[in-house]
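This is the structure I have questions about; it appears just below.
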Amino acid sequence: MLLGRVVGTLVATRKESTLEGLKFLVLKQLDIEGAETGGYRVAADAVGAGLGEVVLYATGSSARQTKFTDKRPCDAVIMAIVDTLEVDGTVKYSKADAD
Amino acid sequence: MLLGRVVGTLVATRKESTLEGLKFLVLKQLDIEGAETGGYRVAADAVGAGLGEVVLYATGSSARQTKFTDKRPCDAVIMAIVDTLEVDGTVKYSKADAD
Amino acid sequence: MLLGRVVGTLVATRKESTLEGLKFLVLKQLDIEGAETGGYRVAADAVGAGLGEVVLYATGSSARQTKFTDKRPCDAVIMAIVDTLEVDGTVKYSKADAD
Amino acid sequence: MLLGRVVGTLVATRKESTLEGLKFLVLKQLDIEGAETGGYRVAADAVGAGLGEVVLYATGSSARQTKFTDKRPCDAVIMAIVDTLEVDGTVKYSKADAD
Amino acid sequence: MLLGRVVGTLVATRKESTLEGLKFLVLKQLDIEGAETGGYRVAADAVGAGLGEVVLYATGSSARQTKFTDKRPCDAVIMAIVDTLEVDGTVKYSKADAD
(Lines give C-alpha, C1' and ligand atoms only; values in the text may rest on other atoms or scores of the structure.)
Protein backbone atom coordinates (compact mmCIF):
# COMPACT_ATOMS: atom_id res chain seq x y z
CA MET A 1 0.00 0.00 0.00
CA LEU A 2 0.96 3.61 -0.41
CA LEU A 3 -0.01 6.78 1.43
CA GLY A 4 -2.20 9.50 -0.04
CA ARG A 5 -3.95 12.68 1.01
CA VAL A 6 -7.56 13.18 -0.08
CA VAL A 7 -7.55 16.40 -2.10
CA GLY A 8 -10.62 16.24 -4.27
CA THR A 9 -13.56 14.50 -5.82
CA LEU A 10 -14.48 13.21 -9.25
CA VAL A 11 -18.03 13.09 -10.57
CA ALA A 12 -18.96 10.83 -13.48
CA THR A 13 -22.58 10.22 -14.39
CA ARG A 14 -21.82 8.12 -17.46
CA LYS A 15 -19.97 5.04 -16.24
CA GLU A 16 -20.00 1.26 -16.04
CA SER A 17 -23.35 0.48 -14.39
CA THR A 18 -21.79 -1.55 -11.57
CA LEU A 19 -19.97 1.58 -10.40
CA GLU A 20 -23.26 3.31 -9.51
CA GLY A 21 -23.09 4.63 -5.94
CA LEU A 22 -19.31 4.30 -5.65
CA LYS A 23 -17.55 7.46 -4.45
CA PHE A 24 -14.37 8.44 -6.31
CA LEU A 25 -11.83 10.50 -4.41
CA VAL A 26 -8.69 12.13 -5.77
CA LEU A 27 -5.51 11.36 -3.83
CA LYS A 28 -2.14 13.05 -3.94
CA GLN A 29 0.48 10.41 -3.29
CA LEU A 30 2.65 10.96 -0.22
CA ASP A 31 6.17 9.80 0.52
CA ILE A 32 7.31 8.30 3.78
CA GLU A 33 7.72 11.78 5.31
CA GLY A 34 4.12 12.64 4.45
CA ALA A 35 5.24 15.00 1.65
CA GLU A 36 3.59 15.03 -1.77
CA THR A 37 5.43 13.12 -4.52
CA GLY A 38 3.74 14.73 -7.51
CA GLY A 39 1.81 11.58 -8.34
CA TYR A 40 -1.91 11.00 -7.86
CA ARG A 41 -4.56 8.32 -8.00
CA VAL A 42 -8.32 8.34 -8.28
CA ALA A 43 -9.58 5.76 -5.79
CA ALA A 44 -12.91 4.36 -4.66
CA ASP A 45 -13.70 5.14 -1.04
CA ALA A 46 -14.45 2.14 1.19
CA VAL A 47 -14.05 3.85 4.55
CA GLY A 48 -15.77 7.24 4.40
CA ALA A 49 -12.59 9.30 4.05
CA GLY A 50 -12.84 13.09 4.12
CA LEU A 51 -11.01 15.90 2.36
CA GLY A 52 -7.57 16.48 3.84
CA GLU A 53 -7.28 13.09 5.51
CA VAL A 54 -4.20 10.91 5.08
CA VAL A 55 -5.20 7.46 3.91
CA LEU A 56 -3.80 4.12 2.83
CA TYR A 57 -4.86 2.79 -0.54
CA ALA A 58 -4.50 -0.57 -2.25
CA THR A 59 -4.24 -1.12 -6.00
CA GLY A 60 -4.77 -3.89 -8.54
CA SER A 61 -7.03 -6.86 -7.84
CA SER A 62 -6.64 -6.15 -4.11
CA ALA A 63 -8.69 -3.00 -4.68
CA ARG A 64 -11.69 -5.22 -5.39
CA GLN A 65 -11.63 -7.00 -2.01
CA THR A 66 -14.28 -4.78 -0.40
CA LYS A 67 -18.07 -4.98 -0.60
CA PHE A 68 -18.09 -1.65 -2.45
CA THR A 69 -15.63 -2.67 -5.15
CA ASP A 70 -16.18 -6.44 -5.52
CA LYS A 71 -16.36 -7.49 -9.20
CA ARG A 72 -16.19 -3.87 -10.35
CA PRO A 73 -13.75 -2.25 -12.83
CA CYS A 74 -11.93 -0.41 -10.05
CA ASP A 75 -8.16 -0.68 -9.51
CA ALA A 76 -7.59 1.55 -6.46
CA VAL A 77 -9.40 1.68 -3.13
CA ILE A 78 -8.98 3.64 0.08
CA MET A 79 -9.04 0.90 2.72
CA ALA A 80 -7.81 2.71 5.83
CA ILE A 81 -7.62 6.19 7.34
CA VAL A 82 -4.23 6.75 8.94
CA ASP A 83 -4.15 7.66 12.64
CA THR A 84 -0.40 7.69 13.13
CA LEU A 85 2.60 7.05 10.90
CA GLU A 86 5.83 6.49 12.77
CA VAL A 87 9.12 6.15 10.90
CA ASP A 88 12.61 5.77 12.38
CA GLY A 89 11.23 6.50 15.84
CA THR A 90 9.59 9.79 14.79
CA VAL A 91 5.89 10.46 14.34
CA LYS A 92 5.64 11.70 10.74
CA TYR A 93 1.88 12.13 10.81
CA SER A 94 -0.76 12.12 13.52
CA LYS A 95 -4.41 12.53 12.67
CA ALA A 96 -5.08 13.87 16.16
CA ASP A 97 -2.57 16.69 15.56
CA ALA A 98 -3.85 17.35 12.04
CA ASP A 99 -7.51 17.58 13.07
CA MET B 1 -7.60 4.78 -11.65
CA LEU B 2 -5.91 7.46 -13.68
CA LEU B 3 -7.23 10.22 -15.91
CA GLY B 4 -6.88 10.25 -19.68
CA ARG B 5 -8.08 12.19 -22.70
CA VAL B 6 -9.36 10.25 -25.69
CA VAL B 7 -7.13 11.31 -28.59
CA GLY B 8 -7.42 8.56 -31.13
CA THR B 9 -8.42 5.13 -32.31
CA LEU B 10 -6.66 1.90 -33.09
CA VAL B 11 -7.85 -0.58 -35.69
CA ALA B 12 -6.69 -4.19 -35.66
CA THR B 13 -8.35 -6.79 -37.84
CA ARG B 14 -6.00 -9.62 -36.86
CA LYS B 15 -6.46 -10.18 -33.14
CA GLU B 16 -7.44 -12.66 -30.46
CA SER B 17 -10.91 -13.82 -31.53
CA THR B 18 -12.53 -12.88 -28.20
CA LEU B 19 -11.63 -9.24 -28.85
CA GLU B 20 -13.96 -9.08 -31.88
CA GLY B 21 -16.28 -6.09 -31.53
CA LEU B 22 -14.25 -4.39 -28.80
CA LYS B 23 -13.41 -0.74 -29.51
CA PHE B 24 -9.84 0.35 -28.75
CA LEU B 25 -9.26 4.01 -27.96
CA VAL B 26 -5.97 5.80 -27.52
CA LEU B 27 -5.65 7.84 -24.32
CA LYS B 28 -3.13 10.49 -23.39
CA GLN B 29 -2.57 10.27 -19.65
CA LEU B 30 -3.45 13.38 -17.66
CA ASP B 31 -2.11 14.64 -14.37
CA ILE B 32 -4.21 16.00 -11.53
CA GLU B 33 -4.36 19.42 -13.21
CA GLY B 34 -5.73 17.87 -16.38
CA ALA B 35 -2.41 18.40 -18.22
CA GLU B 36 -0.83 15.72 -20.41
CA THR B 37 1.96 13.71 -18.77
CA GLY B 38 3.54 12.35 -21.93
CA GLY B 39 2.31 8.83 -21.24
CA TYR B 40 -0.46 6.99 -23.07
CA ARG B 41 -2.54 3.85 -22.93
CA VAL B 42 -4.64 1.96 -25.44
CA ALA B 43 -7.85 1.02 -23.64
CA ALA B 44 -11.05 -0.83 -24.43
CA ASP B 45 -14.12 1.39 -24.33
CA ALA B 46 -16.91 0.25 -21.98
CA VAL B 47 -18.86 3.50 -21.85
CA GLY B 48 -19.06 4.94 -25.36
CA ALA B 49 -16.40 7.62 -24.89
CA GLY B 50 -15.81 10.12 -27.67
CA LEU B 51 -12.76 11.90 -29.04
CA GLY B 52 -11.64 14.72 -26.75
CA GLU B 53 -13.44 13.49 -23.66
CA VAL B 54 -11.70 13.18 -20.31
CA VAL B 55 -12.16 9.70 -18.92
CA LEU B 56 -11.18 7.45 -16.04
CA TYR B 57 -9.57 4.14 -16.86
CA ALA B 58 -8.77 1.05 -14.83
CA THR B 59 -5.88 -1.32 -15.50
CA GLY B 60 -4.88 -4.89 -14.72
CA SER B 61 -7.43 -7.57 -13.85
CA SER B 62 -9.87 -4.79 -12.90
CA ALA B 63 -10.01 -3.91 -16.60
CA ARG B 64 -11.80 -7.22 -17.19
CA GLN B 65 -14.71 -6.49 -14.83
CA THR B 66 -17.08 -5.29 -17.56
CA LYS B 67 -19.30 -7.29 -19.91
CA PHE B 68 -17.20 -6.09 -22.84
CA THR B 69 -13.86 -7.17 -21.43
CA ASP B 70 -14.72 -10.20 -19.26
CA LYS B 71 -12.25 -13.09 -19.82
CA ARG B 72 -10.52 -11.18 -22.63
CA PRO B 73 -6.79 -10.35 -22.99
CA CYS B 74 -7.37 -6.68 -22.21
CA ASP B 75 -5.53 -4.82 -19.44
CA ALA B 76 -7.01 -1.32 -19.65
CA VAL B 77 -10.63 -0.17 -19.83
CA ILE B 78 -12.39 3.18 -19.89
CA MET B 79 -15.02 2.77 -17.18
CA ALA B 80 -16.24 6.35 -16.65
CA ILE B 81 -16.52 9.67 -18.47
CA VAL B 82 -15.54 12.52 -16.18
CA ASP B 83 -18.10 15.28 -15.58
CA THR B 84 -16.16 17.29 -13.04
CA LEU B 85 -12.77 16.99 -11.40
CA GLU B 86 -12.32 19.15 -8.34
CA VAL B 87 -8.96 19.39 -6.58
CA ASP B 88 -8.03 21.58 -3.61
CA GLY B 89 -11.36 23.40 -3.90
CA THR B 90 -10.85 24.27 -7.56
CA VAL B 91 -12.64 22.78 -10.56
CA LYS B 92 -9.79 21.49 -12.73
CA TYR B 93 -12.05 20.08 -15.42
CA SER B 94 -15.72 20.38 -16.24
CA LYS B 95 -17.24 18.50 -19.15
CA ALA B 96 -20.01 21.08 -19.39
CA ASP B 97 -17.41 23.83 -19.93
CA ALA B 98 -15.38 21.70 -22.34
CA ASP B 99 -18.36 20.76 -24.52
CA MET C 1 -2.40 -2.03 -23.59
CA LEU C 2 0.75 -0.58 -25.04
CA LEU C 3 2.22 -0.57 -28.53
CA GLY C 4 5.31 -2.51 -29.52
CA ARG C 5 7.27 -3.46 -32.62
CA VAL C 6 8.36 -7.06 -33.04
CA VAL C 7 12.15 -6.95 -33.30
CA GLY C 8 13.33 -10.40 -32.37
CA THR C 9 12.88 -13.87 -30.99
CA LEU C 10 13.88 -15.70 -27.85
CA VAL C 11 14.58 -19.42 -27.72
CA ALA C 12 14.50 -21.32 -24.44
CA THR C 13 14.59 -25.10 -24.37
CA ARG C 14 14.68 -25.40 -20.59
CA LYS C 15 11.46 -23.87 -19.30
CA GLU C 16 8.29 -24.50 -17.33
CA SER C 17 6.71 -27.51 -19.08
CA THR C 18 3.39 -25.75 -19.71
CA LEU C 19 5.22 -23.21 -21.89
CA GLU C 20 6.10 -25.88 -24.47
CA GLY C 21 5.06 -24.71 -27.93
CA LEU C 22 4.60 -21.07 -26.95
CA LYS C 23 6.43 -18.58 -29.17
CA PHE C 24 8.29 -15.77 -27.42
CA LEU C 25 8.80 -12.56 -29.35
CA VAL C 26 10.89 -9.56 -28.36
CA LEU C 27 9.08 -6.21 -28.54
CA LYS C 28 10.47 -2.71 -28.49
CA GLN C 29 7.93 -0.48 -26.77
CA LEU C 30 6.54 2.36 -28.87
CA ASP C 31 5.14 5.71 -27.82
CA ILE C 32 1.99 7.26 -29.20
CA GLU C 33 3.90 8.57 -32.23
CA GLY C 34 5.13 5.09 -33.03
CA ALA C 35 8.67 5.95 -31.89
CA GLU C 36 10.74 3.61 -29.71
CA THR C 37 10.77 4.45 -25.99
CA GLY C 38 13.87 2.47 -25.04
CA GLY C 39 11.82 -0.12 -23.15
CA TYR C 40 11.14 -3.68 -24.23
CA ARG C 41 9.08 -6.70 -23.33
CA VAL C 42 9.30 -10.40 -24.16
CA ALA C 43 5.76 -11.51 -24.97
CA ALA C 44 4.01 -14.70 -25.98
CA ASP C 45 2.51 -14.54 -29.45
CA ALA C 46 -1.23 -15.29 -29.68
CA VAL C 47 -1.83 -13.89 -33.18
CA GLY C 48 1.02 -14.99 -35.43
CA ALA C 49 2.86 -11.66 -35.45
CA GLY C 50 5.87 -11.25 -37.71
CA LEU C 51 9.17 -9.40 -37.46
CA GLY C 52 8.72 -5.66 -37.95
CA GLU C 53 5.00 -5.60 -37.27
CA VAL C 54 3.46 -3.10 -34.86
CA VAL C 55 1.37 -4.90 -32.27
CA LEU C 56 -0.70 -4.36 -29.17
CA TYR C 57 0.21 -6.35 -26.08
CA ALA C 58 -1.49 -6.93 -22.74
CA THR C 59 0.28 -7.59 -19.45
CA GLY C 60 -0.46 -9.12 -16.07
CA SER C 61 -3.26 -11.63 -15.55
CA SER C 62 -4.88 -10.34 -18.74
CA ALA C 63 -1.98 -11.88 -20.64
CA ARG C 64 -3.32 -15.31 -19.67
CA GLN C 65 -6.74 -14.82 -21.28
CA THR C 66 -5.87 -16.64 -24.52
CA LYS C 67 -5.89 -20.37 -25.28
CA PHE C 68 -2.10 -20.23 -25.72
CA THR C 69 -1.36 -18.62 -22.38
CA ASP C 70 -4.19 -19.86 -20.12
CA LYS C 71 -2.86 -21.01 -16.71
CA ARG C 72 0.76 -20.49 -17.82
CA PRO C 73 3.50 -18.41 -16.13
CA CYS C 74 3.33 -15.74 -18.82
CA ASP C 75 2.75 -12.04 -18.05
CA ALA C 76 2.74 -10.46 -21.52
CA VAL C 77 0.91 -11.46 -24.69
CA ILE C 78 0.59 -10.02 -28.17
CA MET C 79 -3.19 -9.98 -28.70
CA ALA C 80 -3.57 -7.80 -31.81
CA ILE C 81 -1.65 -6.69 -34.88
CA VAL C 82 -2.17 -2.99 -35.52
CA ASP C 83 -3.63 -1.96 -38.90
CA THR C 84 -3.94 1.76 -38.25
CA LEU C 85 -3.16 4.05 -35.33
CA GLU C 86 -4.75 7.47 -35.58
CA VAL C 87 -3.97 10.17 -33.01
CA ASP C 88 -5.18 13.78 -32.99
CA GLY C 89 -6.61 13.32 -36.46
CA THR C 90 -3.34 12.08 -37.96
CA VAL C 91 -2.48 8.54 -39.02
CA LYS C 92 0.64 7.74 -36.99
CA TYR C 93 0.99 4.22 -38.33
CA SER C 94 -0.58 2.27 -41.15
CA LYS C 95 0.30 -1.36 -41.73
CA ALA C 96 -0.68 -1.01 -45.37
CA ASP C 97 1.93 1.76 -45.81
CA ALA C 98 4.55 -0.12 -43.82
CA ASP C 99 4.16 -3.38 -45.75
CA MET D 1 9.90 -9.77 -4.77
CA LEU D 2 11.89 -6.80 -3.59
CA LEU D 3 13.94 -6.14 -0.47
CA GLY D 4 12.91 -3.73 2.27
CA ARG D 5 13.98 -2.67 5.72
CA VAL D 6 11.29 -2.33 8.40
CA VAL D 7 11.48 1.28 9.58
CA GLY D 8 8.14 2.03 11.14
CA THR D 9 4.53 1.29 11.89
CA LEU D 10 1.19 2.60 10.76
CA VAL D 11 -1.90 2.69 12.96
CA ALA D 12 -5.38 2.98 11.45
CA THR D 13 -8.47 2.42 13.58
CA ARG D 14 -10.93 3.28 10.81
CA LYS D 15 -10.45 0.72 8.04
CA GLU D 16 -12.07 -2.01 6.01
CA SER D 17 -13.43 -4.41 8.65
CA THR D 18 -11.61 -7.42 7.21
CA LEU D 19 -8.30 -5.71 7.98
CA GLU D 20 -8.94 -5.87 11.73
CA GLY D 21 -5.96 -7.42 13.49
CA LEU D 22 -3.59 -7.03 10.53
CA LYS D 23 -0.28 -5.34 11.36
CA PHE D 24 0.93 -2.69 8.91
CA LEU D 25 4.66 -2.05 8.76
CA VAL D 26 6.47 0.68 6.86
CA LEU D 27 9.31 -0.52 4.62
CA LYS D 28 12.10 1.43 2.99
CA GLN D 29 12.89 -0.26 -0.31
CA LEU D 30 16.45 -1.56 -0.66
CA ASP D 31 18.54 -2.11 -3.75
CA ILE D 32 20.65 -5.17 -4.43
CA GLU D 33 23.46 -3.77 -2.29
CA GLY D 34 21.11 -3.36 0.66
CA ALA D 35 21.09 0.45 0.25
CA GLU D 36 17.90 2.51 0.44
CA THR D 37 16.40 3.50 -2.92
CA GLY D 38 14.17 6.34 -1.69
CA GLY D 39 11.01 4.34 -2.26
CA TYR D 40 8.77 2.82 0.41
CA ARG D 41 5.82 0.53 0.83
CA VAL D 42 3.34 -0.07 3.63
CA ALA D 43 2.96 -3.85 3.92
CA ALA D 44 1.00 -6.31 6.03
CA ASP D 45 3.19 -8.46 8.23
CA ALA D 46 2.77 -12.24 7.81
CA VAL D 47 5.97 -13.33 9.54
CA GLY D 48 6.39 -11.26 12.72
CA ALA D 49 9.05 -8.94 11.35
CA GLY D 50 10.69 -6.45 13.71
CA LEU D 51 11.98 -2.91 13.35
CA GLY D 52 15.32 -2.80 11.53
CA GLU D 53 15.01 -6.23 9.94
CA VAL D 54 15.62 -6.76 6.23
CA VAL D 55 12.66 -8.52 4.66
CA LEU D 56 11.28 -9.74 1.37
CA TYR D 57 7.85 -8.53 0.34
CA ALA D 58 5.43 -9.55 -2.39
CA THR D 59 2.93 -7.25 -4.09
CA GLY D 60 -0.30 -7.50 -6.06
CA SER D 61 -2.60 -10.50 -5.81
CA SER D 62 0.35 -12.53 -4.51
CA ALA D 63 0.18 -10.42 -1.36
CA ARG D 64 -3.13 -12.09 -0.56
CA GLN D 65 -1.76 -15.64 -0.52
CA THR D 66 -1.32 -15.82 3.27
CA LYS D 67 -3.88 -16.64 5.96
CA PHE D 68 -3.55 -13.07 7.27
CA THR D 69 -4.23 -11.35 3.96
CA ASP D 70 -6.54 -13.79 2.12
CA LYS D 71 -9.49 -11.97 0.48
CA ARG D 72 -8.45 -8.65 2.03
CA PRO D 73 -7.79 -5.30 0.30
CA CYS D 74 -4.05 -5.59 0.85
CA ASP D 75 -1.51 -5.34 -2.00
CA ALA D 76 1.81 -5.83 -0.18
CA VAL D 77 2.89 -8.45 2.35
CA ILE D 78 6.13 -9.27 4.15
CA MET D 79 6.51 -12.99 3.49
CA ALA D 80 10.10 -13.66 4.58
CA ILE D 81 12.79 -12.30 6.88
CA VAL D 82 16.15 -12.31 5.14
CA ASP D 83 18.99 -14.23 6.78
CA THR D 84 21.62 -13.76 4.09
CA LEU D 85 21.74 -12.00 0.75
CA GLU D 86 24.66 -13.01 -1.44
CA VAL D 87 25.32 -11.23 -4.74
CA ASP D 88 28.24 -11.78 -7.13
CA GLY D 89 29.94 -13.98 -4.54
CA THR D 90 29.79 -11.35 -1.79
CA VAL D 91 27.53 -11.37 1.28
CA LYS D 92 25.65 -8.06 1.00
CA TYR D 93 23.59 -8.62 4.13
CA SER D 94 23.70 -11.06 6.99
CA LYS D 95 21.10 -10.97 9.73
CA ALA D 96 23.55 -12.63 12.11
CA ASP D 97 26.01 -9.75 11.62
CA ALA D 98 23.27 -7.12 11.82
CA ASP D 99 21.80 -8.46 15.07
CA MET E 1 8.41 -11.02 -19.35
CA LEU E 2 11.76 -9.39 -18.81
CA LEU E 3 15.31 -10.68 -18.99
CA GLY E 4 17.55 -11.15 -15.97
CA ARG E 5 20.92 -12.63 -15.06
CA VAL E 6 21.13 -14.83 -11.97
CA VAL E 7 23.67 -13.13 -9.70
CA GLY E 8 22.96 -14.42 -6.23
CA THR E 9 20.90 -16.23 -3.66
CA LEU E 10 18.72 -15.25 -0.74
CA VAL E 11 18.28 -17.38 2.35
CA ALA E 12 15.31 -16.87 4.69
CA THR E 13 14.52 -19.40 7.41
CA ARG E 14 11.64 -17.41 8.88
CA LYS E 15 8.99 -17.13 6.16
CA GLU E 16 5.43 -17.92 5.21
CA SER E 17 5.16 -21.70 5.75
CA THR E 18 3.97 -22.37 2.19
CA LEU E 19 7.28 -21.02 0.88
CA GLU E 20 9.21 -23.88 2.48
CA GLY E 21 11.46 -25.53 -0.11
CA LEU E 22 11.20 -22.69 -2.63
CA LYS E 23 14.55 -21.41 -3.92
CA PHE E 24 14.94 -17.63 -4.12
CA LEU E 25 17.42 -16.29 -6.65
CA VAL E 26 18.59 -12.71 -7.10
CA LEU E 27 18.33 -11.36 -10.65
CA LYS E 28 19.89 -8.30 -12.20
CA GLN E 29 17.50 -7.00 -14.83
CA LEU E 30 18.85 -6.87 -18.37
CA ASP E 31 17.91 -4.65 -21.28
CA ILE E 32 17.35 -5.84 -24.81
CA GLU E 33 21.11 -5.77 -25.49
CA GLY E 34 21.75 -8.03 -22.51
CA ALA E 35 23.22 -5.14 -20.49
CA GLU E 36 22.33 -4.53 -16.83
CA THR E 37 19.71 -1.84 -16.20
CA GLY E 38 20.44 -1.23 -12.52
CA GLY E 39 17.21 -2.88 -11.42
CA TYR E 40 16.85 -6.25 -9.72
CA ARG E 41 14.26 -8.75 -8.65
CA VAL E 42 14.24 -11.65 -6.19
CA ALA E 43 12.45 -14.51 -7.94
CA ALA E 44 11.47 -18.07 -7.15
CA ASP E 45 13.21 -20.62 -9.33
CA ALA E 46 10.94 -22.99 -11.27
CA VAL E 47 13.51 -24.28 -13.77
CA GLY E 48 16.75 -24.99 -11.91
CA ALA E 49 18.60 -21.88 -13.05
CA GLY E 50 22.26 -21.47 -12.14
CA LEU E 51 24.48 -18.53 -11.24
CA GLY E 52 25.39 -16.48 -14.29
CA GLU E 53 22.60 -17.77 -16.51
CA VAL E 54 20.35 -15.42 -18.46
CA VAL E 55 16.72 -16.15 -17.70
CA LEU E 56 13.20 -14.99 -18.41
CA TYR E 57 10.99 -14.18 -15.45
CA ALA E 58 7.28 -13.48 -15.05
CA THR E 59 5.74 -11.25 -12.40
CA GLY E 60 2.37 -10.73 -10.73
CA SER E 61 -0.26 -13.45 -10.59
CA SER E 62 1.44 -15.12 -13.56
CA ALA E 63 4.34 -15.91 -11.23
CA ARG E 64 2.04 -18.32 -9.38
CA GLN E 65 1.26 -20.48 -12.43
CA THR E 66 3.87 -23.15 -11.64
CA LYS E 67 3.65 -26.14 -9.30
CA PHE E 68 6.33 -24.53 -7.11
CA THR E 69 4.59 -21.19 -6.68
CA ASP E 70 0.87 -22.07 -6.90
CA LYS E 71 -1.15 -20.34 -4.15
CA ARG E 72 2.02 -18.93 -2.57
CA PRO E 73 2.87 -15.28 -1.74
CA CYS E 74 5.38 -15.06 -4.56
CA ASP E 75 5.24 -12.36 -7.26
CA ALA E 76 8.21 -13.25 -9.48
CA VAL E 77 9.28 -16.57 -10.98
CA ILE E 78 12.03 -17.69 -13.32
CA MET E 79 10.12 -19.70 -15.93
CA ALA E 80 12.71 -20.15 -18.68
CA ILE E 81 16.47 -20.26 -19.23
CA VAL E 82 17.42 -18.33 -22.35
CA ASP E 83 19.32 -20.20 -25.08
CA THR E 84 19.42 -17.45 -27.67
CA LEU E 85 18.17 -13.88 -27.84
CA GLU E 86 18.11 -12.42 -31.32
CA VAL E 87 17.21 -8.76 -31.89
CA ASP E 88 17.23 -6.84 -35.19
CA GLY E 89 18.89 -9.78 -36.89
CA THR E 90 21.77 -9.96 -34.41
CA VAL E 91 22.36 -12.59 -31.72
CA LYS E 92 22.55 -10.53 -28.51
CA TYR E 93 23.05 -13.53 -26.25
CA SER E 94 23.79 -17.17 -26.81
CA LYS E 95 24.01 -19.59 -23.89
CA ALA E 96 26.25 -21.85 -25.92
CA ASP E 97 28.78 -19.02 -26.33
CA ALA E 98 28.45 -17.94 -22.70
CA ASP E 99 28.99 -21.45 -21.28
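Note that the chains take the letters A, B, C, D and E in the order they are written out, and that residue 1 is the start of every chain.
Keep this in mind: contacts are C-beta pairs under 8 Å (C-beta built on N, C-alpha and C of every residue); 3 or more make two chains touch, one makes a residue touch a chain.
Bear in mind that the values here come from a model prediction, so they are computed numbers and not experimental data.
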Quick one: superpose chain B on chain D by CA and send over the rotation angle as a multiple of 5°. 145
Chain D and chain E have mean C-alpha positions lying a whole-number Å distance apart equal to 21
In whole angstrom, the CA-centroid distance of chain A from chain C equals 33
Specify, in ascending order, the residues of chain E that touch 2 or more different other chains. 60-61, 63-64
Can you list the ring's chains in order, from chain A toward chain D? A, D, E, C, B
Going by the contact rule set out above, which residues of chain C touch chain E in the complex? 7-16, 18-19, 24, 26, 28, 40-43, 59-61, 63-64, 71-76
In the complex, the residues of chain D that touch chain E are 1-3, 31-32, 46-48, 56, 58-66, 69, 77, 79-88, 92
